[in-house]
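We call the chains A, B, C and D, going by the order they appear; numbering starts again at 1 in every chain.
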Amino acid sequence: MMKLEKGIPIIDQHDANGYWGGKFGGNQIAESLNYPIEELTREFEKLRNDATFIAERDYYFKNFVGAPTPFIKLENLTKHLGGAQIYCKLVSKATGGAHKAYNAVVHSLICKRLGKTYIGGDTGAGYAGKMLSMAAAKFNLKCKIFMGAKDVERQSINVFSMRSYGAEVVPVNSGSQTLVDAVSECMRWWTSENEEAHMCVGSTVGPTIFVKICAWSTAQISREMKKQVMDEFGEVPKDMKLINCVGGGSSAAGFWNEWIDYDNIELIGVEAGGPEGSSKHAAPLTNDSRIGVLHGATQYVIQDDQGEIEETESISAGLDYPGVSPLHCFLKETGRARYTSASDEEALEAFQLVSKNEGFVSPSLEPSHAFAEAIKIAPKLSKDTIIVVDSCGDSAKDSKIIAERLGYKI
Amino acid sequence: MTSSSLIKSFERVKEDNRAALLTYTVGGDPDKKTSLNIFKSIAESGADIIECGLGHGANIGDGGAIQDSTYRALSGGIKTDDIFEIIEDFKKDYETDVIIMTYQNKIMAYGEEDFIKKCTSSKVSGIICVDWPWPLNLDFAKKCKENSIVFIQLLCPTTNEDRLKNILNDAHEVVYYISMLSTTGQKLKVSSDEIKKRFNLIKKISPDKKCIIGFGITADTINDFKDTDACVVGSALCKEITRSIDEELNPATNVGNMVSDLKQKLSS
Amino acid sequence: MMKLEKGIPIIDQHDANGYWGGKFGGNQIAESLNYPIEELTREFEKLRNDATFIAERDYYFKNFVGAPTPFIKLENLTKHLGGAQIYCKLVSKATGGAHKAYNAVVHSLICKRLGKTYIGGDTGAGYAGKMLSMAAAKFNLKCKIFMGAKDVERQSINVFSMRSYGAEVVPVNSGSQTLVDAVSECMRWWTSENEEAHMCVGSTVGPTIFVKICAWSTAQISREMKKQVMDEFGEVPKDMKLINCVGGGSSAAGFWNEWIDYDNIELIGVEAGGPEGSSKHAAPLTNDSRIGVLHGATQYVIQDDQGEIEETESISAGLDYPGVSPLHCFLKETGRARYTSASDEEALEAFQLVSKNEGFVSPSLEPSHAFAEAIKIAPKLSKDTIIVVDSCGDSAKDSKIIAERLGYKI
Amino acid sequence: MTSSSLIKSFERVKEDNRAALLTYTVGGDPDKKTSLNIFKSIAESGADIIECGLGHGANIGDGGAIQDSTYRALSGGIKTDDIFEIIEDFKKDYETDVIIMTYQNKIMAYGEEDFIKKCTSSKVSGIICVDWPWPLNLDFAKKCKENSIVFIQLLCPTTNEDRLKNILNDAHEVVYYISMLSTTGQKLKVSSDEIKKRFNLIKKISPDKKCIIGFGITADTINDFKDTDACVVGSALCKEITRSIDEELNPATNVGNMVSDLKQKLSS
C-alpha cells in the first residue's frame, strides 16, 4: 500500500519522474513539451522559495482575489439537519466567484517571470477561464481560453466575462465538447506556442508541474481556514470532516492541504454521480475506474477497454471530467481520503436546501455535490462533529441550468 | 525478423540515393475495408514505409485533419484489434513496412506485453508513441527490442543537446525528428534549411541511426528533404481521405495518386 | 440657499416633519401607513443607539456581507488615461454583488426586532431584491419581492437568485414596468400588510425613515473606506474626488457619508443619461427636473406638467428611476455635491475599458456610469488628484444585455 | 357656497334617516364624454355624492381595478383641466355634490392656489388627497376652507386615539374613515361590526362631523352600513366600467344600474 509522508507537502511527495506513490502523475507528454515543462519546473522551484514572489502573490491574493474568504457556521442548516455542526468555507466569495482565482493569479505571475506575454488555459465551468482572463487583463497578458462547445453554451455567463476581459474564447468542437476536449486542445495549442506562450492548467491535472502549481496555489484556502478554525474553536476540533467536490480536484487539494497530517480529520471528496439512472458518471475514484494516461499524467480515468475516454455526464460542468488529479488518486490509495459521489438530483436538492436556509450561501452546482454529502451524513452524526463544506463556487453562472431544472421562469 | 526488415527498407532506399517516403494515415479510417485498400494503394504508389495511426480520442498531439480521421475511425467502432487485423491482412500481400503510431493509453489499455505480441504476429515493424517520452519509455522500448520491434524515439527543435545525446544513445536504429513545435498538420513554420541543420546535427551525433523527419511536410516542400533519410506526409493524406469521402470519390485511388506525386517530387 | 451642518450625520439634518432643507423628503403617505412608519421610526432610533444591535449588525456585515470590501488602485486604467490616480472601492465584492446587502441586512434585523416574520421589498436591477431574499432566508423571514415586469426580463439572473432563496417574486405589470412601478406596488402591499409585515425600501427613497435606515446602512461603505484611505495615503488626500452612480442614491449616500464634512473632497454623482439621442433620461438632478412627490417624499422627479411620472430609459435597470433621494436633492441644493450624467453608450464603453484593463474589476452597468465620468475627467487632472470610483455592482447580472449590445455571442 | 352645499346634502340624507351613498370613479375614464355620461347616470341613479378620481399613475393607494381606470384615463390623454371641465359640465345640469379625490403631486403640478380656484369655479365641493396626511396638509386645508371647499381628512384603523382626536380637531365638517389597512378594491378583511365600532368612536369624539366610510364596500356588505353617515363604493364601479368596455356595452347605463341597486340596498 502506498504511504503518505508526514511533514512534507503532498505536492512534493512524488518521485524523480513525477509520480506520486510511484504510479500517479508523471509527464507523459510529447517531446515538444519537454523543454517548456522543464523550464517551468525550474522556474517554479525558484519562485516558491523567492520571498519577493511570495509577497507579490500574497498581495494579489489579498487585494484582488479577496483572501481570506469567510468561514461561517450554517446555523439554519445545522438546525434543520439536527446532527453535526455544519460550517462552510465561503470560497465562492473569492473574486470572480470560485477558487480558480488563486491558480490563475499564480500562473499569471509566473508567466510574467518567464518573460512571456501570452497565456492560454482550459476551462470547464468557465471559472478557470474567467479567472485567468481576469488576471491576464490585470497583468497585461494576451489570453486565450479553450472551452468545450457544450460548456460555452451552458456556462454562457462566464463566457461573457472572459470576452469582456479581452480574452479570446475558443469553443472546442471535438469529442464530447466538454472539459476533457478543452484541455486536450489547450495542450495542443501549447505544443505549438510554448516558445512565446505560457499555459495554465485549470485544475490539479496535467503533467506533474501543473498539478503542483495548482495545488500550491489553492493551498491558500486551507492556510486561511486553519487560522479561522483556530479563531472559532481555539483548537483543532477532535472530530472534523472536510467535504469538497472533486472534478479535477484543485479545490479539494487546496481545502485539505494543511490538514493532511491531522489523522483525526476526515477528508471526503465528492465526485459527480451524473443523472440518476445514467451510468455516465464523472466519478473515476468512486467507481474504481481503470488507471490510464490522460492529459499527460497517469490517473484513474473513465475509459473503455480500448483506452478511449468515455463520455461522462454531469449537471455541473466543472465536475464533468473523466479523469482526476494524481493527488487524489494518491490520497485514495493511501486511504487518507474517502471518495463518494452525489447525483445531479441530489446536488440540485442540496442547492435548494442550502440557498433557502442560508441565503448568503448560494453554491454553484459543483459544491452543491459536496453539500449533498454533508446533508446525507450530518443527521446521523453527533453535535460534537464539525463538518466543513467548501462552497467553492457561486451559483450565478448556473442560473440558466438550475432555473430550467427547477421550473423557475427566468 | 521485422526489425531487420525496417532497416533493410532504409538501406534499400539509401542505395537508391534518395530519401524514404513515409505516409501517415489513421488505421480504420473510414472503415476496415477501405483502410486496407488505402494501405494497398499507398504501397502500390511507391511509399517506402507506412505509418498506421492507432488513434486516440483524447490525444494531445494531433492537428485538425488527423483528429477528423481519428474521429471517423473511432466512431465507426474501430478497435485496436481491428488495426492489427488490417495490418496483418495488408502484410499478407505486401512487403512494405508498417509502423504503428499511437498514444500511451492505447498500449496500456491493451496491455504492454499483449500489444508487443500482437505487433509481432501482425508483422508491425516499429512503434512510435507520441506521449511516452524518453526516459519513461525505456522499459517498454527494451521489450520492443527483445521482440525485434523498433521503438522509435522522438526528438524536437527544443530537445537540448544533452538530452539529444542521451536519447540517441538509448535509441534503436530509427528515430523521428519533429520538425517544429506544433501539432500535426500545421504549416511549416521553420525553414527547410533550419530543419536540415538539426537533422545534420542528429546525424553527426549518431551517423548510424536513420532519422525520419515529420510534421508540416507537404507536396510543396517535400523536395527540400530529398537528401535526408526519410520524411513523412500525414495531414495532407488525411485531408485527401476526408475530401474523397465528402465528394463521394474513392479515397484509396485519390490517396494513391497523391502518394505517387509525393514520391516523384521526393525523387526528382 | 440651503445649508449643511457639520458634525451632524446628514441623515439627521431633517426637520420635525422629515424634510431636509425644509423641502425634500417627508412622509406624504396614506393615513394607513402613519402608524407603521411611526413605529419604525421609534424602533430605529432605539436600535441605532443599542450596542447589542450594532454588534449584531457588524457581525453580519463582516461575516455575511463580507465587509470590508477591497479598496484598490487601478494601475492600468490610471496609466491608460494618463492623469489623475484612479482608485476603486470594490463594493461589488459584498455578498451578492452589490451594496444593497447592507440595507437588506439591517432591514431584516429590524424586522426581527419588530417581532415580524414577513418582509417585502422592491427591486429594480434585482440586487435589492436578491440581497433582501438572501437575508430573509438567513433570518427565517418570509419574503416577497416586487419587480417591474421589464426588469424581471432584463435582470433574470437576479430573479433566479431570489427564487432560489425562497422569495416570492411578483412581476409588476403596471406603468413602465420598471422600478418606479415596483416601488408603488410594494408600498401598496405594505399598506395592506403592515400589521404583520415589514417593508424594506431598496434605496434612499420613500418616506423619511426609509431614507434614513438605508443611508445609515450603506454608510458602512465610507466607514470602511476611510480606514483604507488612511492606510493607503497616511492622511486624507488634499485633492480627492469620489464618483458614484445615482439612481435612488443609496450607494452614493453610503460612499460619501463620512466625507461630507471634508470640503476639499469633491462628491460627484452620475445619473443615467439614457441612450444617446433619446430624451428619456433617468437624470432628475442633472436635468433640473421639477420638484414633486413620489413614493411618499418630495424630490426632483422626471414628470410632465400634469405631475405624471415620465417614462425614463436606461440600459441600467438600477438607475432607471424617475425620482432621486431627498438626500441628493439636499446635497445638490447646498452645492456640496455635483451631479452629471453618462449615456448608455458611455457606460458601455467604460465597462469595456475597465474590464479589459483591470480584470478583477467588472462593474455592472450602474457603476459603469460612474467610471464613464472618471474616464472623462481623469486625463485632464493632475497626478496628485485621487479619483475614487465606487464600483458598487458586479456585471454578472448584466451579461445578457452587455453581450447583446457588444455583439458577443453567448 | 359649495361647502355648505356638501353639508346640506348630508343633512338631507340624515333627514331621510339613511346613510349617504358615495360613488368613486375615475374622472375621464374612459374618455371625457363617457365619463360625463357616467356621472350623470350615477346622479340619476340616486347617488348622493360623487367622488371623482383625479388619477395619478405613480399612486401608492389604488388597487388593481382603480389602477386600470386611471391607466385608461391617463393613456387617453386626460389632463387635470379635463377633469375640471367634466365636473363643470356636470354641475351645469346636476345638483349632486362632487368631491375630487387625488394625490398630492397632481395638486403640486397644477399649483395649489390654481387648483383651489379651479375647484371653486367648477363647483367642486370637497377634496380628498390620499397621500397628504395630517398635519402636513393643514396649510392647504386652510386655503380650501377659505375658499369654502371641504378638505376631507383621512382616518384609519391604526390611527391612535391621540392622533384621531387631533385630526378631528383640525378637520372640516366631513372626514373619511378608511375601513381597513389595504389599498382600494380589496376584500373587506375586518367585520362590519368592527368598522362601525370605530365609526362610533369617531362620532363620539366629534358628533358634528360627517364621517364617510370607505374601502372594501360592495353590494354584499353595504346594507351593514345603513345606520352610518355615508359609505363609498368604488372598485366595484370601476370594474363595471372595465367590463362594459370589454364587452362593448354602455358603461353609463351599467354603472347607473349598479348604483340604483346599491342605493336600494343601502336604504332597505
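Things worth noting here:
Everything below uses one rule, namely that a residue touches a chain if its C-beta (ideal position, glycine included) is under 8 Å from a C-beta of that chain, and two chains touch if they have at least 3 such contacts.
All of these numbers come straight from a predicted model, not from anything done at the bench.
Among the remaining chains, none touches chain A as well as chain C. When you average the Cα atoms of each chain and compare centres, the chain farthest from chain B turns out to be D. Between the CA-based centres of chain B and chain C the separation comes to 66 Å, rounded to the whole angstrom. The distance from the centre of chain A to the centre of chain B, with each centre set as the mean of the Cα atoms, comes to 38 Å. Computed centre separation for the pair chain B/chain D is 95 angstrom, with centres defined by C-alpha atoms.
Taken as a graph of touching chains, this assembly is arranged as a line, each chain contacting the next along an open chain of partners. Of all residues in chain C, those touching chain A in their complex are 63-66, 70, 72, 76, 93, 95-97, 133-140, 156-157, 159-161, 163-166, 351-352, 355-360, 362, 395-397, 399, 402-403, 406, 408, 410. By the touch criterion given at the top, residues 17, 26-32, 34-36, 174-175, 180-181, 184, 187-188, 191-195, 290-296, 301, 303, 305-309 of chain A touch chain B in their complex.
Per the touch definition, chain D reaches chain C in the complex via residues 56-63, 67, 71, 74, 79-80, 103-110, 130-134, 136, 154-160, 163, 178, 181-183, 186.
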